[in-house]
Every structure is written in C-alpha cells, then in structure tokens.
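What follows is subunit A paired twice: with subunit B in the first complex and subunit C in the second.
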Partner chain A sequence: MISMTINGKVVKAEKGEMLLKVTRREGIDIPALCHHDAVEPFGGCRLCMVEITKADWDGWKNYVTACLYPAEDGLIIQTHSAKVNELRKGVLDLLAARCPNSPEIRELAAEYGVPQTTLEEVPDADNCIMCGLCTRVCERLGFKAISTVGRGHSKQVAPPLNEAPPDCVGCISCAQVCPTNVIPYKDINGKRTIWEKQFELIACKECGKHTITTDFADALCERRAIPRDYFDVCDDCRRKELSLKMGSIVAWSREGTS
Partner chain B sequence: MKQRLYVKPELCTGCRTCELACSFTNTVDGKPRRSRIYPLPAGYPDMYVPVVCLHCDDPACAKSCLVDAITRNEETGGMELDQDKCVRCMACIAACPFGCALLDTQYDQVVKCDLCGGDPVCARFCPTKALECRPAVLTTRKKLAGSSS
Partner chain C sequence: MNHDLSKLSAIYDRYPRKPQSLIAVLQDIQKEYNFLPCEALKQTAEELNVPLSKVFSVSTFYNAFSLVPKGEKVIRICVGTTCHIRGAKQIQEQLEDELKIKAGQTTEDLQFSLEVVACVGACAMAPVVAVNERYHGNVTVGSCKKLLKKGKKG
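And now, the complex of A and B:
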C-alpha cells in the first residue's frame, strides 16, 4: 500500500494501480471517453489528464493521462486545477468540432465551458470520436470482427473490406460500450442487424421472448463449454421453471413425511 | 467465512418482504420490479419459492462472461458482477439456467444478487426464516458417499 494526495486528500492505493481507477474509487469525477475496465488502458481521448507533482520536484509539474499513469508513493495530484481544465477544454473544443451533433460530447463540452466549438465544424460528421473502444472490446471478446481502417483523415471503424464481417456474432458489445452511441443496430422480428450483417435471435421456447443471437450462443458453447440447451429458454421462464421444480420437491417431501 | 443463502420454500408465506428489502437496498428508487429476488408461486396452493441467484459452484454466468466481469468474492462466496467491466452483451442472462442474472431496463445494466457483501438484507428481513444466511456447509457428493459408508 502506498499513499498519495489527491485534491488535498490523502488516499491509499496499491502500487502500480492506474490513477483513474484510484480517483473513481474515491468518487472523483474525471471525464474519460475511451476508457473501459474490460480492456487495457489506451490513453486515446486525453480527457482524463491530471496534474501531478511530488514534494521533491522543486515545483515542477507534469500533465499525464490518469488512465495510463501508475500510482506512486508521494504523488500529489490535482484533478480539476485551472490548467487541467484548460487542457480538457482544448480537447473538448476539438471533439466538438469533430462531432458537432453528438449530444454526449456537447453536454461534456458545455460542462467545461465550450457551448459552441471555436473551430470549423467537420462537414457530414458521423459522431465517431475514433477512440477505438469498440474494436478493442471486440478483440477482448475474442472475435476481432471490426478494426480501424485507413490512416489520417480517412481513418474509420469498419469491418474488413467494408463487407458484412464474417467473424461477427452479433453480441452488440461494440454498440453498448460506444461512448457516443454511434454504432447502429436493429432488433426487428427476431432478426438483429449490425454492421450490415443479419443474425437470427434465439426465441424462448416457452414465451417467444428474444434473447441473444444464435451465432453468439454457438460461439459461447464452443469456447466456454456451456450446454447449448441453456440458451433455449429465456430468464423469466427459467425462474418460473425453477420455482415449479422446487415446489414439486417440497410437495414430494411433505408427502413422504406425513 | 464463505456464506450461503439457504432457501427453504416450505417456510415461505409469499409475503414479498424479501423483494421489498432487496429493491430498497440495491436500487435507487426501491421499485419491487428491480429486485434481485423473486418470490414466485410454486404451483401448489399457498406455496411460494423465493427465486434468487444460487451462487453455483460451476456458474454458467461466469463461464459465459467473455470479459470475466463475474467473479467469485472469495470472502463472501458470492458471485459478483463488476459493473465497470461489463460490456452488456447479455450472455450471462441467456446462459443462467435459473434465470437469475437480470437486466435492469431502467438503467440498462445487468444486475444480479451479490449476497449484499456477505450479509443479505432479504435474509435479515424474512419473518419466517425461509431465507437464511449462514456459513456454507459443503456436502459434496464425495463427502456424502464417504459418510454413508
């Protein structure tokens, strides 16, 4: 255990833990768009910048991304100093110019004093901030169906060759973790469409409620050795099944004792 | 010490106190629909079963979680879901053979019983002790076979 000072408060942390994790545990709100605990820290959005210094640094300060900086003994951290807020404002100004139509970005930018971007807005903006969280999560899940393609201005998140991705199983984790909700998917009549690929949703045998896609269930059965019939019935019907089964056991034991 | 939540349907009166206790402890607004425990009719007159996560020894939810967000808390023995790690792929909800991983539609997140960190509130409030939390007594098949011989 080491101790650091965050905004004047002494905080205990494990050595090597990332600063963002420590501040979140302490309930300090640091904005971060590209971070998700399921994947390795990335440092893409640069919004989690904090000011660090140490007593023996002779007043020198450093500005680092909290998601990528490991905790050290004796660090003095400022999460919302004037300079840090200025840095975040600059980043949000750029993001607001890139994604002028994204409500999430606009809200965050307004919070840091950027109600309107001072730069020229990107024409035909698509709200993607290029943080790559969707591709990293997809890789973490082991499907690797999408990736960033192109460099510079033409960089975008896309399946290989811009065709329906063969490795995608339709788990929609990419859409769920996207910080600006830009990945579209549709669940209509037991069919799910994402990345222009269509999937069949499993319909509950009892009530017909749709759960996950058949491809995802097959992948789970194969990789995690889960019996395929676990996916046949929805959670509501499973609970009813369990209560009826336990009820019959209780009734049976009552008969036996009386 | 590892805890187990013992469910005894023969003592349950279906008063739904556990549901209220759970929803007021674990959710913001205490809606009974958001509870992690469901007292359901058991198909016989005046018989109810509080259906709650059984914290299986070989849990399908943890096996189905590809980002390992569901892990066993070795202190309490309960399977806990790390909300920050969850990517909401809903695999655990579909995989649980007892339907005890739930989707909170209001906040769009997966929720499940976590034994309230070792002291389940539902068991504390249960008036008939149909729910009881006590240290786990492991009676595996091997042990049972050994004791009978």
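And now, the complex of A and C:
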C-alpha cells in the first residue's frame, strides 16, 4: 500500500493501480468518456486529466490522464483545480463542436462552462467521439466484428467492407458502452437489427420475454460449456423458479425440525 | 467485376501464415491486382487468422492500399511546399484536363490514376511528378503531355 494526497485528503492505494480507479473509489467525480472497466485504459478522450505533483518537484506540476497514470507513493493530486477545469473545458469545446446534437456531450460541456461551442460545429455530425470503446469492447469479448475504418477526418467505426459484419453475434455491447449512444439497434417482433444484420431473439419459455440473440447464445455455449437449454428461460423466471424451490426446501426443513 | 484469385495462394506462400504478415501480404495483393478485391480481403483474413474487421481497418488506413481498382499507371503529383511554389498547381490542372479526371480518380480505361502527394523528398528537382516508381523532375505544363504519351507506351 502507498499513500497519496487527492484534493488535500490522504488516500491509500495499491502501487500501480490507475489514478482514475482510485479517485472513483474515493467517490470523486472525474469525467471520462472512453473508459470502461472491462477494457484496458485508452487515454483517448482526454477528459480525465488531473494535476499531479510531488513534494520534491520544486513546485513543478504535470497534467496526466488519470485513466493511464499508475499510483505512486507521495503523489499530490488535484482533480478539479482551475487549470484542470480549463483543460477539460478546452476538450469539451472541441467535443461540443464535433457532437453538437449529443445530449451527453452538451450536458457535460455545460457543466464545465461551455454552453455552446466556440468553434464551428461539424455539419451532419454523427455524434461519435471516436473513442473506439465499441471496437475495444467487441475485441475484448472476442468477436472483433467492428473496427475503425479509414483515418484522419474520414475515420469512423464500421463493420468490415461496410456490409453486415460476419463475426457480429448481436450482443449489442457496442451500443451499450457507447458514451454518446450513437450505435443504433432495433428489437422488433423477436428480431434484432444492428449493423444492418438481423438476428433472432430467444423468447423465454415461461414468460415470452425476449432475451439474447440465438447467435450470442451459441457463441457463449461454445466457449463456456453452458448447456444450450440454459437460455430457454429468462433470468427473472429462473429466479422465480429458484425462489419457489428454496421456499419449499425451507418449508420442508421447518416441518422437519418442529 | 470478376477477378482471378488464383494468384493469391502464391502470395500467401511467400510469408508465414501469421497475423504479422498482414501488411506484406496486402502490399503484394495491391501490386498484383492494382487494388484489394473484397474477396481477397476475406481470404486473407482466413489465411492469416486475422479478424476481417482488422484486415479492413488496415486496408482503409494506408494510402498505399486501394479498395477500388487503380489505373495501371499511378501518376502522383507532388504538391509539397517546394513543388507548390514551382507550379505544381498548374501541372495538376494540366494533367486533370488531359486525363479528364480529378486528382484521386482513375480513368475509365483503367490506364491512369491521378493522385496528389504531400512530398516525395525530391525538392531539388521540383516540381516532381512520379509515374509508378519513376520520378520526373522539373516538370513543366508542356512536358506533362510527353509524360502521358510515354506512360501510354508503357
């Protein structure tokens, strides 16, 4: 264990764990759009910048991304100093120009004093901040169905050959982690459409609620030796069934002891 | 368009069938076909055990790769600072007029592709126009025509 000072408070942490993890544990709200605990830190959105210094740095300060900076003994960290807020404001000004229609970005920008971008708004904005979280999560899950395509201004997230991605199983993890919610998907009449690929949704045998796609279930069964009929029933119904079973066991044991 | 993909296996045989060989293989395919056919990308993904998304990502990232057929002769006009000062713009306009295409496009007979590049590192002989691997220096609006004629002959 090492100790650091965050906003004047002494905090214990494991050596090497990332500052963002420590600050989140301490309940300090640092904005971060490209970060997700399921994947390696990326340092793409630059919003989690914090100010670091040490007692023997002669007043020198450094500004680093909290998601990528490992905890060190004796670090003195400011998460919301005037300079840090100014840096975040600059980043949010750029993001607000890139994603003028994103409520998530607008809200965050307003919070940091950017009610309206000072730059020219991108015409026909797709509101993607190019953090690549969707592609990284897809890769982490092992499907690797989507990736970034092109480079520079024309870079975007897309399935290969701009066709329905062959490796996609319709788990919609990409849509769910997207910080600006711009990956569209539709669940209609037991069919799911994402990335212009259509999937069949499994309907719970008990209540009829749709759960996951057949492709996703197949992929999970293949990897984890889960029996395929595990997905016949939804989580809620399984819980109900289990509680009834537990209830009867409890009743039986009460009877037995009385 | 149908392409003879039988040449692909010879290309795969040149390199270890590993993800590391991806760029080398794509370069060879580009050289062979003057572009990267979709089917070749799919086959490459399978042969080298690379996700198709990665293959597509790499092949759209580098300017050296093209997903649409390139002309047999790729004419690259340098528009770097030195060439710009020495009249690259006029040369570009002249070539565009001659070939009746804009920079970044390919003639319908797939003979020529026209591209602009930032700097080819031959500022001493600016303005420079490269036709495939051959670099022509001190190009003038007048000598553009000659270049094209030479190009047509092969």
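In this section, the second predicted complex is superposed on the first by the 237 of 258 C-alpha atoms of A that agree within 3 Å, B and C clash if a C-alpha of one lies under 4 Å from a C-alpha of the other, contacts with A are read in each partner's own complex, and residues count from 1 in each chain.
The rule we apply is simple: a residue touches a chain if its C-beta (ideal position, glycine included) is under 8 Å from a C-beta of that chain, and two chains touch if they have at least 3 such contacts.
As the structure is a computational prediction, the values presented were derived from the model and not from experiment.
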item	value
Partner chain(s) touched by A:Q176 [first = subunit B, second = subunit C, both, neither]	first
Subunit A residues touched - subunit C or subunit B, whichever exceeds	B
Partner chain(s) touched by A:I226 [first = subunit B, second = subunit C, both, neither]	first
First, second, both or neither for A:L19, with subunit B first and subunit C second	neither
First, second, both or neither for A:K144, with subunit B first and subunit C second	second
Touching partner for A:L75 - first (subunit B), second (subunit C), both, neither	neither
Which superposed partner A:P165 touches (first subunit B, second subunit C, both, neither)	second
Partner chain in contact with A:I212 - subunit B first, subunit C second, else both or neither	first
Partner chain(s) touched by A:C34 [first = subunit B, second = subunit C, both, neither]	neither
Residues of subunit A contacting subunit B in one complex and subunit C in the other	none
Residue ranges of subunit B touching subunit A (in the complex, touch as defined)	7, 9-10, 38, 40-44, 47-49, 51, 60, 63-64, 66-67, 69, 82, 84-91, 93-103
Contacting residues of subunit A [partner subunit B, same complex]	24, 36-38, 137, 140-142, 171-173, 176-177, 202, 211-212, 216-217, 220, 223-226, 230-231, 233-244, 246-248, 250-251, 253-254
Complex contact set, residues of subunit A against subunit C	135, 144-151, 158-161, 165-167
Subunit C - residues contacting subunit A, complex	38, 41, 51-57, 60-61
